[in-house]
Structure formats: structure tokens, C-alpha cells
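Before I ask anything, here is the structure I am working with.
Order as written gives the chain letters A, B and C; numbering starts at 1 within each chain.
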């Protein structure tokens, strides 16, 4: 497949690894912010190819993992209702709420459907005019154009029974939150290429200069990640703290303007709870006044549900790079992908799940 | 995050900008994607698709950069 | 061949078709026995088995949708059980067939399924000798479910099983992977896509007979059905208390299957197959086995080796030369966005 296969070329990968070894003189800790990158790093065995001096920590860049338990509980309650078709991205179905997950709700008789695209939820609403269609609109900035489009289309088509349970998070405030922690050990970042495809890279210069860290906007194929790491290590070794763009084939300085316009029509910025990290200011989106009638939390009277997170899980520290999954007492014993305690064990690319699945020899 | 995969547009349909759709092929399978956010995309273009929505047109001339960069940083003994 | 039950009578399955009366008798006589000519009108079948050792296996089939590119629940139910016998090194001979029909299933659909079963049994040279039918109320079944039990004969005295795998064995894959799972996925509502992916659903008994007839005794054979190649390798590594090391680049995956896996976020190694198996073979016999498998499919390939290292571990060399653990897929395979 064009634009995938060439970025998985073993010979070029070996050259990048050799080049990284050549320039690495000191130990460095680099965080890849995005779960998709974590997935690629583990799936391709990249960590083990790198020199010992380089430590990669896996950031909170998985919207499934950081969705607060309270939101999941709301989803579970709505999905269990008899007149509801609850549509969700597949990876969300296994995320544990305080007592169960959406797959269990389905087994108990709820109509829960895994969909590929937000627009599929709109189609389901058109096909089932008598049912309440609720779409679990989770995601980072990358998924926002599609989620906003679903809201826009539903309104245009007058689909009165379509609503969205919104759980949107924003990457730059999370990076700031991690960097502002006094215990933070992260010295350089690979920023999430697909988030930047939508939003552009302008938000990162202030972060880079305030916290004095290099930030390299990076793609998702093995060669992208190796090049991103090379660029980041090269800056670290030379004492530079710039924003660079490795992923030039899709990321533009300003991002996708049309997508941003629709996003700002449909969503507004709010403070938000992150599972494991707590509340981060200005780090989430909810529907604007114009679209508030699509908000499932109002429609199903869910506003008052409050729920606390499980205390055994150290997912917050893992997602900030303060600890590795193996340092959690529950890792691979009490907590496995089949019985996840915390969010990073749930999604295939949550840091804990990725470690459990692919391991490190 | 975010699983986004490059595919090639083989047909475009839909009336106004926000209902613009395309048939997109990914190595032998075809699925529809929204082209609302890539109005510049034409048939034959490669686009990056996330959850059924195109978020960018892939710039072919920039795609070599990863390999050119490797050449620039010099021959490395392996 | 048209459906032999006059559609004007009852174009769909009725509760009475499972009720034991005249309607059920007509269904058996006119539809089932029209296809399954070896079934005697009796409660069981008397079988002629010359060998000392027989192999018996059973499997139930609940696939949805009932029809998918490359097959349907009928030929799947026949081939699935035949393949389980073949993987034990047996020559499949007899099948029993048990139907659970949902009230309202169209007779035409049932006939298509039954006909596909007959064809699949003929291809593999097995006889369908006995069966059963039950009908459940509408809404309590997915059209139809099928259970098949198979009997095969062992014409040799060797054990072909996971605990026979030895260190230094080579792991051979009979063809490209992921076709069945993605063919079914592509025809399901919601995640559908257009492609020419067809299920690989096929009998594997001829492959195995050819290997045995060449005087080669494979140490272990396993068809890579649910959970895909990843699940099978993990099961065998655990059962044999050995380590299996494979190379991802050696595993053939069709371009369309790969495309579908990329957009939905699946690993082809986790996807189900219905006509694909892994063989554990002594290294000196790898070329002969590959030659035999290549007669059926040019994509058959050596994908790895067995080592006396960490018991139960499966590792995979990644396409860029890294190495990672290949784990069992966890539960239901769900599409990812992230």
C-alpha cells in the first residue's frame, strides 16, 4: 500500500537506528504523546532497537484511555435503555465503568453497535427513525472533524432522535499539564501527527519555549517514528528546543482550516477530567449552545451522575511517564486486557495493554 | 492518537461541500469517506482518512523527505 | 437444482417442522434426504470402519451472516469438521449433521445451505450419515445453526499433536491469512466495505493425505480458525512447552485483507481462517512439505522455527527487524479509532 509500505522498509529503518546510535551521547527520556505511536513503537519492536540511553515513555494520547469513569457510567446507563441504539467506536466497548463495560450491556440486551465512522451513526439514525440514536463522540482533535460533521449533518437532516455523548480531549493542554508537574522527567516530545493534521502546529511553539523542550511533530509508521526520534535526540544533544515537523507529507503549519471552522461551530472549549490525570483546564470540548440540543447528557438527564475512579490503578503516573506499566502492582496479575482495572489496559494502544500484548524481552 | 490510513480517491460524489463523499481504495478494498474537509482533492489523489473522514491530502513531493533526510544525515555504517 | 419442497406449501420454516409429525417427516424426506442420500431412515447409522483407530470431533456453527463471499454456513460446517479431523492426521469418512432452525427461515435458504453441505461433503469424499432437526421460535435463532460431528480413520500409528512438537521444528503456513474473517466482516452491517475478498473456506484433508502419503509424519498440524495464527501458535507453544519464533515478513497476507485490517485497526495474525493451517515439521522434511503445499497454494511458506527456550513464548520479528512478543488476541476483535 502506497504511503505505508515504504515507511516500513527494513533497510531504511536500520539506517535510522544506526544514525540514532551515532548521535546519542547522553541518556534522554522522550514521550510519544499519541497512543497510535505507542502502538507502532511496540508493534514494530522499536524500543528494543534503540540505544539503551533512550527511554520512551508513553503519553496519555489515547482518548479511550482518558475518558473519565463518570462518562463511561453515563454511557452504560444510556445504552441499557430499551429505546436506544448506542453507537460507539469499537475500542470504547471494552472500557470498564464502575461496574461493567458496554459489551456487558450488549450481552444484557442493550442495542450497542460498534461503528467505523461517526457518519455511520447518522446513517443508523436515518434508518431507525423510531429509536433514540446515541453516538459516543470520544476523541482527540483528529476525530473532532468527523464528530462535528455528524452533529452538523444530524441537525441539517432534522434527525430529532440523534444525540451525542461527547467526551473530547485536547492534546496541547495535556502536554502542558505533564510538563508543569515538578516530577516530570520528559525531556523531549514526539507530538501527534494526526492531531496536528487537523489543528496545525502553532500551539506547540509556546509550550516548547516555556518548558524548554524540543517537540517534533511525528507520523505513525516506523520510519516516521525513527526519524522523529532522530530529530528530537539531535536537538537534545545540541541543546536546542524547537518545534520541528517530521510529518510534512500531511501536516501543514495551520492545519485543516475547514475542519477547524466546523469544529468551532459545533464545539466549545471547557475544562475537563482526564481519567488518571484529573482535571486539566481548557482541555476538552463540549457542544456549543447552537448544538446543545444534541447533548445526550441533557436529553437523558445524566448531568448529576458523579463517580470516582478506582484507587488501585497507577494509570495517571504511567500516562505522565513517571512510572512504567511493570511498576504497577496490579500489572499482568489483577489487571489484564481481559480484566482491565485501569484505562491504559483497555485500549489496544493504551500503554499497559501495549506492554502486556507485545511485551519487552 | 488516531488511526488514519492513506487511501486513493477513485470516485467523487455528493452535492454541496459538506456532503461531498468519495470512494476510496486502500490496497484492494474500497470504502466511502467524507471529502468535506479536503475540497482540493481530486480523483487519483491520496488522502489521509480517519474514521471515514478525510483530514488531509497527502503531498507526494513531501513524501520523499523521510528518505532524503536519511541521505542528508550521511552514510552510517551498519 | 430447485428446492424440492414445494414452496407453495410452506415457503418458510414453521414450528411444526420440528414437531415430529407429518410436516417434519416431509422436511426430512424431501429436503434433507434429497441432498444427504446416505442418511438411512433410522435413529442412527451403522458405519463400516476397517481401521483400529478412529478420530472423532464435533463443532457448532453460528456464523452471521449465513452467506458470505466464498461460502456459507453449510460448507463451513462441513469443512470445519473435516479440517479438525485432518489436523489429527485422520482421513475424514463420516459426518452427522444437526440443525437448529429458526421459525420463519426461508426454505429456499435452507435448501441452498443443505446443497452447499452436500457439495462440500462430495468434494472431501465424506458421507453425511445421520442428523437431527429442531425448530426454535422466531427471534430465538439467527436463521439457522448447524452442529456437525465427524469421524475419521487413522491409517498410521503416529500421534500428530501439539505435544509432539520438537525443538528445531520448522513452522510452515499453508497459505495467506485473514481471508475468512475479513470476508465475513466485509459483509456485516456497519463495518462493511467493498472488496473481492473471499473466505478461504476449504477442506484440508487432501493436503494432509498427500503429506502422509509422501512418508512424512508432521509433528503437529493445526488449522488457524478463531483467533487466527496468533492464537494457534500460542496454544501450541504452551502445550509443547517450547518457544516459537516467527517472522512477520514471511507471512503472506493478500493486499485487500491487509487494506481492510489497516483501516479497521486489526492485526491479520488475529483474523480467522477456514482453509489455512500451520504445520510443525522436522527440518529435514521442510522442502518436501513445501513442495506438496505449493501444489495447492504457491503462497505456502516457512514462517518460523521452534526453540527450546522459554516455554509457551511466541516471538515475532517485525518487518523492520525488531522483535516482540506475539500474544493471543483478547476476546472479541473490535475496530479501533486509535
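Following the convention adopted for this analysis, a residue touches a chain if its C-beta (ideal position, glycine included) is under 8 Å from a C-beta of that chain, and two chains touch if they have at least 3 such contacts.
Small disclaimer: the values here were computed from a predicted structure and weren't measured.
*Asks:* What topology does the chain touch graph have (line, ring, star, complete, other)?
*Replies:* Graph shape here is complete: every pair of chains touches.
*Asks:* B-C versus A-B: which has more C-beta pairs touching?
*Replies:* Result of the comparison of A-B and B-C: A-B.
*Asks:* Please work out the Cα centroid separation of chain B and chain C, and write it as a whole number of Å.
*Replies:* Measuring from centre to centre gives 37 Å for this pair.
*Asks:* What whole-number Å value describes the gap between the mean CA coordinates of chain A and chain B?
*Replies:* Chain centroid spacing, chain A to chain B, equals 21 Å.
*Asks:* Which chain B residues sit where two or more other chains touch them?
*Replies:* 1-3, 5, 26-27, 31, 50-51
*Asks:* Residues of chain C that touch two or more other chains: which are they?
*Replies:* Within chain C, residues 255, 258-259, 262-263, 265, 336-338 contact more than one other chain.
*Asks:* Which chain A residues sit where two or more other chains touch them?
*Replies:* Correct list: 1, 4, 14, 35-36, 61-63, 89, 116, 120, 139-140, 143, 223, 349.
*Asks:* Write out the stretch or stretches of chain C touching chain A in their complex.
*Replies:* Per the stated touch rule, the residues are 190-191, 249, 255, 258-259, 262-265, 267, 315, 317-327, 330-332, 334-338.
*Asks:* Applying the document's contact rule, which stretches of chain A touch chain C when the two form their complex?
*Replies:* Within the complex, chain A touches chain C at residues 1, 4, 8-10, 13-14, 35-36, 42-46, 48-49, 61-64, 89-91, 93-94, 103, 113-116, 120, 138-140, 143, 222-223, 336-338, 347-349, 356-359, 361.
*Asks:* Using the touch definition up top, name the residues of chain B that touch chain C in the complex.
*Replies:* Of all residues in chain B, those touching chain C are 1-3, 5, 7, 25-31, 49-51.
*Asks:* Can you check the complex and tell me which residues of chain B touch chain A?
*Replies:* Checking each residue of chain B against chain A gives 1-6, 8, 18-19, 26-27, 31, 33-34, 36-39, 46, 48, 50-53, 55-60, 62-63, 65-67, 69-70, 73-74, 76-78.
*Asks:* Along chain C, where are the residues that touch chain B in the complex?
*Replies:* Against chain B, the touching part of chain C is residues 186, 193-197, 254-260, 262-263, 265, 336-338.
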